[in-house]
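The following blocks contain the structures, represented as structure tokens.
Two complexes, one shared chain (subunit A), two partners (subunit B, subunit C).
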Partner chain A sequence: MENIEAESFELPVKRGDTGSIGSQALAVKKKLGGFFTKNDDLRRLGVCIFEAEANLAIHTSAGGVITITLLHNAVRVTARDTGPGIADMEKALTMGYSTAPVWARELGFGSGMGLKNIRRVADFFDIKSSPKGTEVVFEVRKHAS
Partner chain B sequence: MLLKDIAQLQDCKQLTTADLERKATGVYASDMLSAAMARAEPDWLWITIQGHKNILGVASIKGLAGILLAEGVQPDLETLAVAEREHIAIFSSPETAFELSGRIYKLLNNNGD
Partner chain C sequence: MHLEEIRSIVNGDYLYKEESRDLNIAHAFATDLMSDTLFLIRRDEELILLITGVTNPSAVRTAAILDIPAILIVRGKPVPAPTIEEAERQGISIIHTTYLMFSTCALLYNAGLKDAPWKI
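Our next item is the complex of A and B:
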């Protein structure tokens, strides 16, 4: 991870507010349109934030906060919540495994691809979880156009 | 294949303002949002029966050419208003995703693109 921090801002995500999933990703995509020179980098960031929003809205007790930090050559995103944590991390990182409730699946969430999508498209990915909360950190780096 | 080819499918309705000359270079069909996030490419058309607001986030983030709602799904007015504002083309057809995929597969191949 890069350590040179410049600017950061926080985006709250409410538990159960599925209608808003994607709104923070779109807001970040618009705000950071000039940060990246390649559209693909901006798209990758949007995908990752969308998935982080969905996880906070569907899988937490009380929602959470997404922190966006602009580094010299990358955007670092941290998604934090206050529980209940991920019981089986190995399964959570297995394609197709999901603990999403029926109401979320009916909306097209819960395919068991969220965390995997982030890990696949981000340039850096780390996750820590306990019953007190989960912290997902990922970075999308700038690539030359 | 152009979006006007989609608009001209039998019984297909165009629900938002769209640049019908825009090219759709591929198609992805799924009702799982994360699958569309993972597999659909920019400038592709997405076929789904999900008609709620979250599909707009997927389309906008991925830079999709448009969304084709199968089985006559109609989004609510708020979703359509946001789609208009974000310039996301939405179509709706009474046919199933399978039937639409078959028709559009032929369209893509007949046009050689």
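Our next item is the complex of A and C:
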């Protein structure tokens, strides 16, 4: 864990910055390579952050911030934005339902799998949303190799 | 199946070849949806080839996050320089073919590549 500078750090994600989707997820994966002993755990974390990053770039009014917190045996991730919020949470958590614009789909995103994938892959998942913003919290825990 | 054999079967060209690894690939996943690709987790450490028509840098990042070491871009679509530069940064080989995805998959399946493990 020598390469980990702090127990918590923030990563900004800009609205519409489609050329950068995945950059923050890869940076975290590289930075936390020594935190997990199983590649699968590191991949799970990377995938969840990737999905959160895509959601902030595609679905928000002004982007958002991803906060990474290192716990004793897990990494907690919080993705926050300032709106417009999720109008129908049940639908948003239904496989295949998507409100993504055409430009996002042309990039290969927006098929209605993102939030569902985070919920499927993470060891803990919670989401709160209002017109003022959405907060997604998830954790990926360490497993013995 | 070695990457060079894959390239030969689809009559492709390397846009970038990572020379530090001799890739022996047994599985492939074909899609234009990076969202679907991100379902490829919880697996053993088998090497997977991503077959896609998506040419933007996010396709490379999607592969990188999943430890996929090689991408085969189909339909002869032009690949922008930032995508190739991202592949170099991530150490991911890119092959380019003019075959359509359907034919590409058929050729590689008949040659022995199998589905990557994917579960919804």
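Just so it is clear, the second predicted complex is superposed on the first by the 139 of 145 C-alpha atoms of A that agree within 3 Å, B and C clash if a C-alpha of one lies under 4 Å from a C-alpha of the other, contacts with A are read in each partner's own complex, and residues count from 1 in each chain.
The definition used in the following text is that contacts are C-beta pairs under 8 Å (C-beta built on N, C-alpha and C of every residue); 3 or more make two chains touch, one makes a residue touch a chain.
Here the structure is a predicted model, which is why all the values come from computation and not from measurement.
Participant: Taking subunit A as the common reference, can subunit B and subunit C both be placed on it without clashing, or not? Answer clash or fit.
Facilitator: Superposition check on subunit A flags a clash between subunit B and subunit C.
Participant: Does subunit B (first) or subunit C (second) touch A:23, or do both, or does neither?
Facilitator: both
Participant: Just to be sure I read the superposition right, which of the two partners does A:136 touch: subunit B = first, subunit C = second, or both, or neither?
Facilitator: Neither: A:136 stays clear of subunit B and subunit C.
Participant: So, A:46: does it touch subunit B (first), subunit C (second), both, or neither?
Facilitator: Both: A:46 reaches subunit B and subunit C.
Participant: When the two structures are overlaid on chain A, which partner does A:58 contact: first (subunit B), second (subunit C), both, or neither?
Facilitator: neither
Participant: Looking at the overlay, what does A:77 touch: subunit B (first), subunit C (second), both, or neither?
Facilitator: So A:77 meets neither subunit B nor subunit C here.
Participant: Just which bits of subunit A does subunit B share with subunit C as contact spots?
Facilitator: 18-19, 21-23, 25-26, 29, 39, 43, 46-47, 50-51, 54, 107-111, 113-114, 117
Participant: Enumerate the contact residues on subunit A facing subunit B in the complex.
Facilitator: Interface residues on subunit A, with respect to subunit B: 18-19, 21-23, 25-26, 29, 39, 43, 46-47, 50-51, 54, 107-111, 113-114, 117, 120.
Participant: Residues of subunit B touching subunit A in their complex?
Facilitator: By the definition above, subunit B touches subunit A via 31-35, 37-38, 42, 48, 50, 52-58, 60-63, 86.
Participant: Quick one: which bits of subunit C touch subunit A in the complex? Just the residue numbers, please.
Facilitator: My answer: residues 32-39, 41-43, 45, 52, 54, 56-59, 61-62, 64-67, 82, 90, 120.
Participant: Within the complex, which stretch of subunit A touches subunit C?
Facilitator: 18-19, 21-23, 25-26, 29, 39-40, 43-44, 46-47, 50-51, 54, 95, 107-114, 117, 121
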